[in-house]
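Okay, got some structures for you below.
Across the two complexes that follow, chain A remains constant while its partner is chain B and subsequently chain C.
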Partner chain A sequence: MTSYLLRRTAASLVLLWLVVSLTFLFLHLAPGGVSGGWVNLDQAGSVEQRQRLERVYGLDRPLAEQYLSWLGRYARGDLGTSWTHGRPVTRVIAEALPATLLLALAATCVELGLAVPLGIWAARRRGSPTDHALRGAGLFFFSLPSFWFGLMAILAFGYLWPILPLSGMRSVDAHTLGPVGQAVDVGRHLVLPALVLGITSAGGTLRFARNSLLEVLEQDYIRTARAKGLSEARVVGVHGLRNALSPLIQLLGVNLPSLLNGALIVEVVFSWPGLGQVTLQSILTRDLPMILGTTTLAATLVILGNLTADLAQAAADPRVRHG
Partner chain B sequence: MAESRARHRAWLNPTLTAGLVLVGLVTVMALAAPWISGADPGTVHDPVAGRYLPPGSERVPLVFADGRRLLADRVERHGAGAGAEVVAHRRDRVETYPAAALVNLPAATDAVPPARVFPLGTDRFGRDVWTRVVWGARVSLAVAFLAVLIAATVGTLVASIAALGRGWVDLVLMRLVDALMSIPRLFLLLLLVALFRPGTTTLVVVIGATTWMTISRLVRAELLSLGERDFVLAARAAGAHPLRILRVHMLPHALTTLLVMSGLMIGLVILLESSLSFLGFGVQAPTPSWGNMISTGSNRLLDAWWVALFPGLALVATVVGFNLLTDGLRDALDPRRHGVDRSRFRP
Partner chain C sequence: MPRNVLTLLTVLLLTISAACGGGDEPTAGTDGETPGAETAAEPRSGGQAVIGVSSDIGGVNEVVTPNSLINTEILRRLFIPLVDEQPDFKTISPRLAESWEFSEDRKSLTFHLRDDVVWSDGEPVTSADVVFSYRAWTDPDVAWEAAYALEAVEAVEAMDEHTVRFDFSRAYSTQLLDTAAGAVILPEHAWGQKPFSEWRTAGDWFRENLVVSGPFDLESWTPQQEVVLKRNPLYYEEGLPYLDRLVLRVVPNQANQLTQLLTGDLDLVIQLSPDDVERVESTAGVRIIPYWTRGYIALGTNQRRAPFGAVDVRRAITYGIDRQTLVDSIWGEYGRVIASPIPPNIWAYNQDVEPLPYDPDEARRLLDEAGWTDSDGDGVRDKDGEALAIDLVTNTGNRQREDAMVLIQEQLGRIGVAVTPQAMEFNTMIQNVMGGDFDAVITGWQIPTTFDFRYAFASEEIDGGSNIIAYSNPEMDQLLDDIRSAPNLEEAKPLIDRLQVMLQRDQPYTFLWQSQRLVGVRNRLQGVEPNHLFSLFDARHWWVEDGAE
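Then we have the complex of A and B:
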């Protein structure tokens, strides 16, 4: 177990190093260099501004030196200072991250709550009309663009059935409410974005859950369990599900990038004040340190997520840690 | 004969058929855009009275010699010959124009221009939504095909280098693929788009540059397993050049994987393109794409829902079509696999 843990952690560190190096590379591949195209507010000031920028960011130093200091700063958790906020990038991100994590968590609950039971249902009735209908629904929701689905949800709930807030995370008068009232307020704002993100993610997961369970149900030990006269519920629920769990844990890790992608879009549609909003704003204002910071952070989250999923899987499945 | 019919049936499963129909419809729409709908998706029919007309609206288009266009609710014609005048009722205004100034009005006859129906309504500039949806198919499909072409080319190239080089080359390239894949795709796309100038060309290149990794991984796995097969070993023993082995003995066998994979990517890439265009970093304003049309519609969602609804329906139908097509194709190529394991992509 220890050697597996060490190996996986080392591999993750290598990945992190590569990602940070890639962002450095992208930056210097941009036409006109780092500061070209970025500072062109007015012609007269631009030369002086560019020089100041290059001094501040050490862009006049040799490339190797810049690269090492880039790595060093990242290792110390320093992502630079935001140009528009005038504050450390990490601080701005830290303020936006909880909202994104809350949305992602709620959406994952919706996703699993829909996909796993429906996946089991489809697998149990393989080849039946139910199975076909569920597979079709899975493909449909998998193909659904989350931004459009979100807009249609806003249309439906804003027009036909106005019971939920349509955008933002808190009501204007939220500060007058007590702590419980505030939590309920955030919860009400969370419903639509979490449903939209969860449902669009559930399409693929449903199919994955169905297929994983089907693969397990074809194994010999399931035949054995049936042969010794166990009830079907016990065969599927205990022997089948437990073994289909391992791919599902891994799926949650693999799922993380698409969850963050989806969260970015859904946050923009519902004005949810999270990482996606910050990223989009920083691109609109051409805030380079912020853009690089959010990208690096998103990649770090993904790598850590995959590492956690692998370790959880190793803990759950002895074949992984000894294989 | 019976056998060939059985093969035929196995090939054309319902999923594949549905996919072929949907993809076929969209392709026809894209190719025949000028004949299906108006010739120019940018036509502003009336910047004032033509804004946000609901679906099914009927208006009389007036086209002036100087290129100006107006929409009238009702048109009457008074007089004949050189002094003829046209009275146009536009919302609550009544305007009179000399008939000679209009180009869509035959001067010699008493005819008034026939009314035109806007089946899906108009957007905020008074442009026909139906025309733009049809032309949007062109943009979406063109971007998707070109981007997937780039992704397939780069992916195969990197996979070939990795499979031929093995050892260190393989290790380094695959770590690089891992690193690129651990940056969530939309973040990577936005970063690249921000560093370059947004536009359709940038979009194609950038989407291609961020989707080749999946293809590369799968093709490499295929090439490595082919490398162990007897016919490749025989070719190697016979002293064939590694590049020749790759070209003649390995790549043709990896073609099926590559094609199915590319087909699967098209659905994803269309979603990526529309997401980026929706965010404002993809296809830029005057060119119609489903994503930027939905973005325009999102500003006035509650009172002009048709501007965002219809491009979205076209988008969903297209992506569902491509996903059904690849699903059905996989089932047809491998009957044992009944919808088993599709790689999970979402933009």
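Then we have the complex of A and C:
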């Protein structure tokens, strides 16, 4: 197991190095280079200004030298300083990360809260109109672009039936509230983005939960359980569900990147102050250290997610680690 | 069965969206606002206003944060410059400097500072701060993006605590604007401890060591969420600002900004789209303030390439583009056709220069005369075996320009010019355009308040400058130099008039349009006078009707 763990960890590190290096390279080799966007035709002396900034940021040095010194700093955990904020990249990310995690967590609760019970319901009524309707709805919400769904939610709850805040994370007067009031305030702001992200993710999960449970329900031990005379609720709820849930949890791990991805889009629609905003702004302002920082974080999360899933599977299944 | 459910859901969603689109009925003023746009009431002190901004500020130090709209808008409320440029581009009013005078040869400019201006920690603002600011503006490590405007300044010297003198290598028309209105004065006692070489990585440090001289101070700043400004009690103008607090909420999504303006969460939105006007106008308690911006859009042809070097071909292109139709279909009443880079809202506009009319017959005649005829009958003009075909580029993500390209393609097609529109990623476009590798490009420009157009039209700016179209005319070069070296802009006016005549004649660009910016304001917020200098212009004079409570 130890050698497997070392092997997989080493492979993950190599993968991470590849991803960030390629990002670095692509950003530098793109037409116009890193500093192309600094040319402001409207400003006299713009070309000289670009050269000044290139010198300040070390972009005038050979690419290989830039890459090596950047990689060295990265290896030591120094992600550099944002060009637009003049602040450490890690600090900008650290400020934005909690909001994204909160949104992702709330959305996962919505997703599971909807998908699992409805999936069970559909599986129990396999082939019935309910089953078809639920699967259809699942497909519909799975196919729904989250930004459009978000805009519709804004129109519905902000304009037609204005009961929920539409954007941001806190009200203007939030600082006047007590701790409980502030938590409630954030909660109210969280409702729409979490619902939109949760519902769009729930579509696929619902179908997965249904199929997974159906597969389990056809197993011999379920027949045995039924033959023992156990109640249907106990057969499905305990014997069936427990086994159907493990692939589902694995799916959640693998889905982590797509959940974060979705969060980025939903964040922009609802002006949620998380990583999505930071990423978008750094791309718009061509803030290279920030772009590299957010890319590295995303790559790390994806690779960690996969690594954890693999290791968990290896722990459970000896065939994997000795394979 | 699933199909039925799908249909049902689709219908439901469509109904919601239709209902929303039609939801234009005036809602009753929820917070008891007066319907009239401007009331003649006396300004009151107190209260707060909430503004929607599309992005966060980059930092509190103007010289090291990229010059985005929001940054400049907000930082100009925290710090004051020596003088204020007024929206007529002509009047310059005192601010930190209460008076100034030139030496006889105009190569020295002396400012007399007010003696009652203090930083928010109580320290006086003195000439030492001005000298320090000049050093920061021009330091190569600070690399301030507008440093070029100070290239003629040779020295800045503090004569006494409240007198400071700028020495120039030569006299020119905008010495005062360049040195005194272009940037704010920075606090030496607070920020002077940081070596200039560390300024670009000291975002947090500047914030922790922030002292201000302007009407507002920074109360709090939650990145990506909001910037809260509070009244600076030590601000020198008695009774100002009126507002206790000015809250800037980061709302990147434009649709959200509009909705929050209509629901009353926001008091002011800096930029509405013309499509939003109907909804805003039909909502009680909200008004729209339109104003002409400094920006304009122009189509430039690469005069390094064969057909476009000829004046007649460029004039034909202008005659062949129905600019009024472009403006009508893209901007409606919020845009207008322009004849030159100096539109009618600018004082130096030459009233005798009208935009060339849409005249396809004249365009055809000019092209025929220039030898571009459709000899092979394929509908596209040609000369010496080469077709009159233009690859027209603009940057992606700008709907108005992309729409314009398609209309222009169709219009020029009618006079036998084949246009291929292409939207390009901004960096790539700049790369191609700066390298001279393009036929024609649609770009946006800002009118320089100094009326120094050398960067765009002077021959010496063809290589490495902004004269991307390689327009070269010795007469123009001389004229541009003359405008620059006139003692002041008033006296340069006849020259600026001639500049417009020459641009009309040569058509180095086909100047397309100028548009208005639409500021949405709730009626409780009064005294708002946005203009092409700043949307938050004069925020120290803003007040709210429910302020004094």
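Note that in this section the second predicted complex is superposed on the first by the 238 of 323 C-alpha atoms of A that agree within 3 Å, B and C clash if a C-alpha of one lies under 4 Å from a C-alpha of the other, contacts with A are read in each partner's own complex, and residues count from 1 in each chain.
Note that in this section contacts are C-beta pairs under 8 Å (C-beta built on N, C-alpha and C of every residue); 3 or more make two chains touch, one makes a residue touch a chain.
These numbers were taken from a predicted model, which means no experiment stands behind them.
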| item | value |
| --- | --- |
| Touching partner for A:R87 - first (chain B), second (chain C), both, neither | second |
| Partner chain(s) touched by A:A227 [first = chain B, second = chain C, both, neither] | neither |
| First (chain B), second (chain C), both or neither touched by A:L22 | first |
| Which superposed partner A:P273 touches (first chain B, second chain C, both, neither) | second |
| Which superposed partner A:R135 touches (first chain B, second chain C, both, neither) | both |
| First (chain B), second (chain C), both or neither touched by A:Q281 | second |
| First (chain B), second (chain C), both or neither touched by A:M152 | both |
| Chain B versus chain C as contact partner of A:L260, first or second or both or neither | first |
| Overlap of chain C and chain B interfaces on chain A (superposed complexes) | 30-31, 37, 135, 139-140, 151-152, 154-155, 158-159, 268-269, 280, 284, 286 |
| In the complex, chain C residues that touch chain A | 1-3, 5-6, 9, 13, 16-17, 19-20, 23, 50, 55-56, 58-59, 61, 64-66, 68, 140-141, 143, 145-149, 151, 199-204, 206, 220, 222-226, 247, 249-253, 255-256, 259-260, 262-263, 265, 425-428, 430-431, 433-434, 443, 445-446, 448, 452, 454-456, 464-466, 468 |
| Chain B to chain A touching residues, read off their complex | 175-176, 178-188, 190-197, 267, 271, 274-275, 278-281, 294, 297-298, 301-302, 305, 308-309, 312, 315-316, 319-320, 323-324, 327, 338-342, 344-347 |
| Interfacial residue positions of chain A with respect to chain B in the complex | 14-15, 18-19, 22-23, 26-27, 29-31, 37, 126-127, 135, 139-140, 142-148, 151-152, 154-155, 158-159, 200-201, 204-205, 207-208, 210-211, 214-215, 251, 254-258, 260-262, 264-265, 268-269, 279-280, 283-284, 286, 291-292, 294-295, 298-299, 302-303, 306 |
| Sites on chain A touched by chain C in the complex | 30-33, 36-37, 39-49, 52-53, 55-57, 81-88, 91-92, 95-96, 129, 132-133, 135-137, 139-140, 151-152, 154-156, 158-160, 162, 165-170, 172, 175, 268-271, 273-274, 277-278, 280-281, 284-286 |
